[in-house]
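Right, I'll just put the structure down here and ask away after.
When the chains are written out, they are named A, B and C in that same order, and each has its own residue count from 1.
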Amino acid sequence: MIPGLAHSATAPTPLSETRERVLRPLLTSRDIGEDIYALAAEIFPICRSIAGDGVRDTLDILGRHIPIERHEIPTGTKILDWEVPKEWNITDAFIKNAAGDRIVDFRRSNLHVLNYSQPVSRKMRIAELRPYIFTIPDQPDLIPYRTSYYSNNWGFCMSHRQLMALEAVDGELEVVIESKLEPGALTWGEYLHKGETADEVLLSAHICHPSLANDNCSGLALLTTLADALSSRRTRLSYRFLFLPGTIGSIAWLAANDANVGRIKHGLVVSCVGDDGGPTYKKSRRGDALIDRAMAHVLRHAGTTANLLDFFPYGYDERQYCSPGYDLPVGLFQRSQFATFPEYHTSADNLDFIASEHLGASFRWIIEALDIVETDRVLVNLSPKGEPQLGRRELYAGNGGDKDAQSHNMAMLWTLNLSDGRHSLLDIAERARLPFDVIAATADLLERHGLLAPPPDPGP
Amino acid sequence: MIPGLAHSATAPTPLSETRERVLRPLLTSRDIGEDIYALAAEIFPICRSIAGDGVRDTLDILGRHIPIERHEIPTGTKILDWEVPKEWNITDAFIKNAAGDRIVDFRRSNLHVLNYSQPVSRKMRIAELRPYIFTIPDQPDLIPYRTSYYSNNWGFCMSHRQLMALEAVDGELEVVIESKLEPGALTWGEYLHKGETADEVLLSAHICHPSLANDNCSGLALLTTLADALSSRRTRLSYRFLFLPGTIGSIAWLAANDANVGRIKHGLVVSCVGDDGGPTYKKSRRGDALIDRAMAHVLRHAGTTANLLDFFPYGYDERQYCSPGYDLPVGLFQRSQFATFPEYHTSADNLDFIASEHLGASFRWIIEALDIVETDRVLVNLSPKGEPQLGRRELYAGNGGDKDAQSHNMAMLWTLNLSDGRHSLLDIAERARLPFDVIAATADLLERHGLLAPPPDPGP
Amino acid sequence: MIPGLAHSATAPTPLSETRERVLRPLLTSRDIGEDIYALAAEIFPICRSIAGDGVRDTLDILGRHIPIERHEIPTGTKILDWEVPKEWNITDAFIKNAAGDRIVDFRRSNLHVLNYSQPVSRKMRIAELRPYIFTIPDQPDLIPYRTSYYSNNWGFCMSHRQLMALEAVDGELEVVIESKLEPGALTWGEYLHKGETADEVLLSAHICHPSLANDNCSGLALLTTLADALSSRRTRLSYRFLFLPGTIGSIAWLAANDANVGRIKHGLVVSCVGDDGGPTYKKSRRGDALIDRAMAHVLRHAGTTANLLDFFPYGYDERQYCSPGYDLPVGLFQRSQFATFPEYHTSADNLDFIASEHLGASFRWIIEALDIVETDRVLVNLSPKGEPQLGRRELYAGNGGDKDAQSHNMAMLWTLNLSDGRHSLLDIAERARLPFDVIAATADLLERHGLLAPPPDPGP
């Protein structure tokens, strides 16, 4: 350090030196699950789609918690291999019988309309209408969620029982969809929590599904709550939160940030985090990125049966982040794996399907993985020849030898033995089959006693 | 291309660019199993050995289908660590009782004579003859197949029941073997199907066993039929077919072709391909050669329990091709693994033991593996950033989503995601757990739509 | 070789060229188990500790078999992160009741005194004495073994039943420990068997436990017997035997030999080798050192269920040898794994707990592993193209084909096939799933027939 240019005495020690565990206090915040649930419930009723006011209205609500930067790309703009579509906005839709009763009513569920339906206003008999109706015969009480973004179409989704009732109707039906498909913009929200370094963690949730609670509300609410919690904390890494329409949104973001994606060092796509299944982690395309190893470690110690999947090129926006031209270290965290639970993409994915308890648990698993990503580092044993005499330093739990003392001793011995400059704390935790937290805490203790230190600067 | 020196406009596009799947039509040739069986049956009666007219007579028959080049190496020639032996030719052999009845008769089965027996013409009692008789007491109705190529000996093989009958005979027996062991030549047959490149696939079958249907007739007939089928086709690779006596034949061929074995890029030894067992594939010594991976892939998708073996230095001519001084990428394809079925090396390995159906299936599995070896290549995704918009190109099977459409979509997504210049089509098929054929067809489709292309020439 | 400078004709051929199997005759020495047991029994009664006359008295006895070099480091000397402690010597200790009866008596078992107890001579009631008493309530008949080397303390160990009897005593107890804690020296014994090369095998046993038969006497006795057996033999490697106090002894040795530890190419810590459990092998920190592979190979072919453990940084002196600053290729051989059997560190670890039979078996397994380490080498096939004609050399077991002949043939084929300069004999044995001994004997046979040879000298 050049004399006279030193930082002021009050400048905090860089986290990159102390590796204070800044995220761990979030593990004990008691009401976090309730907070996430409340926010998910607040955005649930909005009729979102990939472009239009649904996205904007949702961002308005999320923006009350964190200052979200809004990005809009005009319809028709070329982005990578794609083009920004028209906006879709809808005010009403129904099927009325001859008596004027709304037999199928958008106001009851926005799932009733095929997402991105063109406007319709016609009288027709059921036989004529039938090709425009989507149901799930095997789940006759549920309304399916269907979309038709990139081909001109219209349609109604309804329970199979509703269809059977409709088929019994004699006479003409009034079929109305009051929607607009017009040039506008693609919208996404972005929030950056700046850390000490420019290295970034990407956290991404989709904002394009209408009233589906697990499959988009839960992820949006969890990430907003996480961003809010981080905002008052000093972190080593920077955290970039993206709230964007699936596929077209991440493609737009990647196109806009093509030159800078190299700063993304870790990332998670988050969706379906409110049900009682899983937890599920699908690895990034790389398969051995730190986030993959961290999440696998957390789930291995989660005390429940976790579902650890190799990357496959189908799912949420990890498909785009992990396309071969980017190959970013971004995985997917879920509870139940998408498309494997019966409520998936139906009206049963509602606010009864998610619970505070599960949202809270998801939040904590994510925090634990991010803590590893924040904190993992290589330390070196300063007394590498033979074991150091721990007893002299009163570090060794002696004579008695209860289970905790044994585990404490083993954590010290493992950390000392493997701190040879080639093993990070996560490496050590994996090898010792101990939780990362135990090894990280042990490393702190040993560092305070002068037995471990960061590796020497390799010099110029 | 230098102007004026261009190939004529009618020159076909090199297969190495289009990778047309020239072998796949052979998969549907309906009567191929019958053709192979008929040819195997035709050569079955001949009394073959490692050198002599049995080999020549067999090559005469195979040569009616393809123009086989015949090679002869004189007795006494040094080849690698070996020396070409004398020829063995036999016209008759029998054991007659006092009444003049042929109790054991070479004309009934050429297995009755110890292969390479010296001539004998003696009267002797059973006690004196006994040391020259071989039987299988555990399989008392079967004649064993035994040889004595490199030590002077003579003997008779017979069923244990025949031996017991002989032992009941009182009086002298007339014991005759009318054979000749004289200087001559070692003979093998060779057929080269020239492809566009000098890279070769070696396909090798042994031609040294007498009337054993599965253990030599089946392989000879299958390879001849395959060579015949290839002869009218344009292939990328060249295919070299060898019909040679086991061990001494492949050693002679290797000695004669020592300088050129580097052109062998893939290979299969083929034997015992007509029974209903297996399929069995024994990997080359390398273990991860393309032919090993291709055959393993085919057997994994064969819809039956396959037997995939690591290399071991015992078996057929792969022992020589995979000796450490050559270490060629040559595996062994069989149905039942040799020496594991009770008919092996007995008179029960006859024309009832093999069937058209099994020969046809073996043919198809071999074709599927050769198709991979012909076609596998690396392509690169020309739209590697984000997914390309498949829907716009009407490539994506949309809304409905039946099983086939899903599989089609997944094949496209996998092929695009992994076509990063580091994965071949077989790599992709393995990773996606889809048949090679599906990935190769998908790659063709994507290439036609301009989404994939061969990697750029690295230049001079 | 320069003419005139040749070695005399009577100089023995270096073992490094012949690789005579000098250790294997030790496998058949019949009474070795009895010899080891007798020596273990002889040293059993001595009250050893980490420094003091117990170590010296034990070395006196071991030294009757082999010339052990004794090393002493003065109290207070800094060694690595440690300091040599005072010596501890004890003459008597007891607890007497009011009637003068020795209720607890050091002369009955030296385990009764907390090892390294300070001197005590007081009258006290049981309530006052109670904090200084150690028992195992779950094993009420056994005296535990406890130590307090580095903190000032005193105490008595006794069976829980003895404690209950004591607690029933009314009146004062006379509590006496006649021990001395005074400056002196740390002692260890060392014996070097010089081989043809300076490469060393380290064989280490701890000498710091009092009357525990399996847990120190067995290892000391086995290594002494092994050293004795080696002393008359010519070996390729040098063998360094260490008899040293646990932890502080190996730390002292490492500190004293810091510059030369590179000559340790293989090593074993040996302890608890007399019970009927295991065998157990804990790999060195490297995990793939030759000694690790050799021991794993021996245990795999041991015909019993062996316990093969990855390295972990707890146990005996392998903790020090495998500390990251040294990382020596030293594993731990045991029968039952330490701390897993109920007799461990109790008075039940006595001479009834170990047996000649088990000591002999341990000896033989160790010899087998050392034989591999002595003998393993790379040979090259001099006839690598095709198989050499084994029949001509009368090496091939022919026609008949019993099981042994097949195994013999396979051993030859494997050895020839893999002797390509990249596989050692152990590599070949592992790949062929045959015992090392079979492959090594086969390699000798093939070498004698001129089919294998050491690789050519790479030259200057």
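The rule we apply is simple: contacts are C-beta pairs under 8 Å (C-beta built on N, C-alpha and C of every residue); 3 or more make two chains touch, one makes a residue touch a chain.
The model shown is predicted, which means the values in this text are computed figures rather than measured ones.
Colleague: Counting shared numbers against all numbers at the contact of chain A and chain B, is it over half, same, or under half, different?
Modeller: Mostly different residues: under half of the interface numbers shared.
Colleague: Rounded to the nearest 5 degrees, what angle rotates chain B onto chain C on CA?
Modeller: 120
Colleague: Using mean CA coordinates as chain centres, what's the gap between chain A and chain B in Å?
Modeller: Each chain reduced to its C-alpha mean, chain A and chain B end up 54 Å apart.
Colleague: What positions in chain C touch 2 or more of the other chains?
Modeller: There are none in chain C.
Colleague: Using the touch definition up top, name the residues of chain C that touch chain A in the complex.
Modeller: Contacts found on chain C: 80-82, 146, 148, 150-151, 247, 250-251, 254-255, 258, 285, 312-314, 319-320, 322-327.
Colleague: Report the residues of chain B in contact with chain A in the complex, numbered from low to high.
Modeller: My answer: residues 381, 383-389, 391-392, 398-399, 409-410, 413-414, 416-420, 432.
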